[in-house]
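In what comes next, chain A is part of two complexes: it sits with chain B in the first one and with chain C in the second one.
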Partner chain A sequence: MKTVHRIVLLCVMYAGAVWAQGNLEINTPAISQLRDAMQARHAQLAPHYASGALGLTADGRIALRDANAVPLAQRQAVQGLVAQENGDRDALYREIARANGHPEWEADIRSTFAQRWIGRAQSGWYVQSGGQWSRK
Partner chain B sequence: MNRSHTYKALARRSPPRRSMAIVLAASAVLSGCVTINIYFPAAAAEKAADRIIDEVWQLKNGSQTPAIPEGKQP
Partner chain C sequence: MRPLRRCAAALILLGAHSSPQAAIELRFESLSAAAVELSDVRIAAAGLGGGSARITASRALVAGRTLQHVKLECGDFAVLPEMHCRGGRLSAEGYGPWPVEFSLRGPQRALRADVRLSAEVTATVSGDLAGSLPQLRLVASGVPLEFLLGELPASKPYVPVGKIDVEATWVLKEAERPPRLRATLALRDGRFGSADGLRAADSLSAVMDIDVQRDGPDWRGTLVTDWRGGELLWDSVYLTGGGSVLSADFRLSASALELTSLALDLAGIGRLTGDATLDRASAALRAARVQGAELDLKLLNERFVQPPFAARGWPPFVMQGYADVAARLDPAGLHSARLIVRGGHVSDAAGRYSLQQLDADLPWQRDGATRMHVTAAEGRFGRVPVGRFALDADVAPDHVAVQPVRIPLLDAGLQLNLLRFERVNGRWTGDLSADLEPLSMPELTQALGWPRMAGSVGASVPHVRWRDGVLSLDGQLMIQVFGGYIAVSGLQVIEPFGTTPRVLSDLQMRYVDLDALTETFKFGRITGRLDGDVTGLELSRWAPVAFDARVRSSEGDYPRSISQRAVDSITALGGSGATAAIQRTFLGVFERFGYRRIGVSCRLRNGVCEMDGLSNRNGGFVLIEGGGVPALSVVGYNRRVDWQVLLERLARVTETKPVLQ
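Moving on, here comes the complex of A and B:
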């Protein structure tokens, strides 16, 4: 009987361990800092998503897909924003993998984000799939 | 006489069996834990992505227009 009790206890602990796996750690200082920087930058990027100048790529980044949609005077600034955003996105995926003790998850986290960015993009924004741009 | 013999026999036999059962259960649990940690938790990652996207695009506060689903403003 004692053995049965122990096995039941172990099963309960196992279920607890499974439940604890339901969330990924995203509340580290590094992740919060990247998230806040991206949030602040979004205000500047948003009009360019809407105009079609920028699009969301299949690899979890953003790209300047139509430079002519940006006024010449702003073009260089927008290119700089895109580079900064992509740097932060790459760092974000790497940091989430690291914060959860599995640096090898980086590619999986990137593709999960890519799907969610695209899935939740506003209508009218351009998204990439299979190398092709399409308008949501 | 006979009875005490069987008890003795049981006493000799049961502890190894019990410990074997515990070892088996423990190894099952441990291998389960290892399995969970090796495989990528796709559902958890999706949840984490959504929480970060909510923040970056400010979709939860309702302060910005969330996605305007094909509704044309008059």
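Moving on, here comes the complex of A and C:
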């Protein structure tokens, strides 16, 4: 398992370092498509992270933790965005595991990504730990 | 005290000893008038003509609602010559205290009472308690909604807030009829919200007209609620703007609220009618029947059907036409339903499929089997047009079986032999078997917008299974095309409807007529037959990410020739490393060349195609081995080719030539 962790960590460090530059190099067509879709969606999600409506979960997904922070007319659309984002995140973990030839690593990749997303969350965003939400 | 119709016998004039300030003390076991019942009533007053007084009731039942420990204290209370209370305070457990004043005058017993519910809200009750038409009128403006809803358990989690303007007339006696209350409740600035914010409303305005009469121990009447404006979110369904009206006859008993002649006019969609019974204490549904005819499917879909799918990230779809619906509900939820669609139209918003002139009869039962029937006059899957078909399906809680059906596709048809879904241990599984009748390639390629190809294509799918998100093929999928066939085996489609569909398969291609294939493209013409084997094919999002492919000229005796243009195309595919091993002078002289064998392989990994040919020659690999006169060989030297680059080159050399009609 040590090898798994090392490789996953390398992937994630690399992904994390270049993600912000829009130049992720875990380069399979599927991962590129997922990355593009997630980056395009991020602009719509970001204000809702900032408002506290959305939070980053401990399992590498996002959750609508307080819909009250979203104007009523937008809550329906935000639910759809969350479902799409989680679909892409689940697929991303699966694809990275597959791309590395180890589908069984998916859970490790997910948990490492989860820590990484939470670690990189902006100040003021909500993150989940041990089932509890806290504000960074 | 004349309006008090029933007064328990235990009227006791007590001595002053029980309350030192009170000269008079009265005690009633119970008092009732119209919609008010009081229990254990005690009146303690300084005197009949003035002075302070205190009236208490341990319990009051007002219009079906129970109040505990009701207390009225008057600074100045008189019974004679006229009853009045000034400087009073009214309270009950959980309510008040509210400043109150009232007076009761003259032979008509004219009542005027003002209760200040808050600094802004005063409720005024006026009218005659006696005379030919005894009635009371209540006017209150801006009464808090939460006050009216009181302890209603169903409303508690939603923290309703709003202002209600009340105008009510209470006819106490009307030609032998029991007391009757008519009221108009106008809600403004209404809002509520569940803790998670997924059930909420804002700026609600609505008007409820209610006409209610006592009927033995029950109340019965009619109500009309007109939603006039505001926003409403219920899980994923979001409605705005109002325009919907609910009307019903009702009977409120000690245990239940029965609604009959229920009519719900949904703005722009149509009218639902029915009846319902709700548990009074919990507001839970006991039973309901709903039906509606000629409902507008477009708006019904946009407002109620599509949103739950969109909230789960499903792609949007569009519906048009009209529908009749009927449903029965019980405490466990939907018991049975029937949807009839006439002249419907369903399509994916992205244009991937559509069905037009759709007629459907879709009965459903929670605990039983039904048969559903659908006909569509025409449709489209991708760009391929579909002709009229009729579909019957047997539907039960744990299985759905579509009867064998032929769906016309272009000049042929798709014969669906088996399409069945079953729920096993809580998970749905599916099975499919189908045959595609030979379909004209010119028609198919035209419909798909592809370069025109000759011949026909047919296919046989013996058995496809759907288990745990994976479609897998048992046996071989045979596709007859270009005079030969392609056999697909070991096919698996993983999460075909997910965000990253993945395909695993092996392909075997035999005796494909290259003439038919290459005449279509600008590629150049090759006469001959081709075999191919692709193992370990893996597609992600429908694009290849890995395979081992090898194509070669078929064994056997058949004419073999290749045009100069095709030679150029093949060398262009190989990039600068490929050369035609023939003197340029000859290339210029001849239009067509003979060949003995063609062979090329590509092993795709990580976006790179590792190429090989028939044999090695001078550090390169032979793609075409010459034969006959004039003979020509093509040798490749670049063994590692970027897959994307190869696709781009292929796209360049296969650009469609103009199709001559």
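Criterion: the second predicted complex is superposed on the first by the 111 of 136 C-alpha atoms of A that agree within 3 Å, B and C clash if a C-alpha of one lies under 4 Å from a C-alpha of the other, contacts with A are read in each partner's own complex, and residues count from 1 in each chain.
As a working rule, a contact is a pair of C-beta atoms (placed from the backbone, for glycine too) under 8 Å apart; a residue touches a chain by one contact, two chains touch by 3 or more.
In this text, all values refer to a predicted model and were calculated from it rather than measured experimentally.
*Asks:* State whether A:Gln76 touches chain B only (first), chain C only (second), both chains, or neither.
*Replies:* second
*Asks:* Once the shared chain is lined up, is A:Ala30 touching chain B (first), chain C (second), both, or neither of them?
*Replies:* A:Ala30: touches chain C, not chain B.
*Asks:* Identify the partner contact of A:Ile109: answer first if only chain B is touched, second if only chain C is, both if each is, neither if none is.
*Replies:* first
*Asks:* Using the superposition on chain A described above, determine whether A:Gly87 touches chain B (first), chain C (second), both, or neither.
*Replies:* The answer is second: A:Gly87 touches chain C but not chain B.
*Asks:* Quick check for you: in the superposed arrangement, does A:Asp66 touch first (chain B), second (chain C), both or neither?
*Replies:* second
*Asks:* Touching A:Ser51 in the superposition: chain B (first), chain C (second), both, neither?
*Replies:* neither
*Asks:* Given the touch rule stated above, what does A:Gln39 touch, chain B (first), chain C (second), both, or neither?
*Replies:* first
*Asks:* Counting contacts the way the document defines them, which residues of chain A are shared by the two interfaces, the one with chain B and the one with chain C?
*Replies:* Touching chain B and chain C on chain A: no residues.
*Asks:* Considering the complex alone, what residue numbers of chain C touch chain A?
*Replies:* Chain C residues touching chain A: 193, 196-198, 200-202, 231, 233, 236-238, 240, 307, 310-313, 498-500, 502, 540-541, 543, 545, 606-607.
*Asks:* Can you check the complex and tell me which residues of chain B touch chain A?
*Replies:* Against chain A, chain B makes touches at 18, 21-22, 25-26, 29, 32-33, 36-37, 40-53, 55-59, 65, 67-70.
*Asks:* Which bits of chain A are touching chain B when the two form their complex?
*Replies:* 2-3, 6-7, 10, 13-14, 17-18, 21-24, 26, 31, 35, 38-39, 42, 92, 96, 102, 105, 108-109, 112-113, 115-117, 120, 122-123
*Asks:* Touching chain C in the complex: which residues of chain A?
*Replies:* Going by the criterion above, the answer is residues 27-30, 33-34, 37, 64, 66-70, 72-73, 75-76, 79-80, 83-84, 86-88, 90-91, 94-95, 98.
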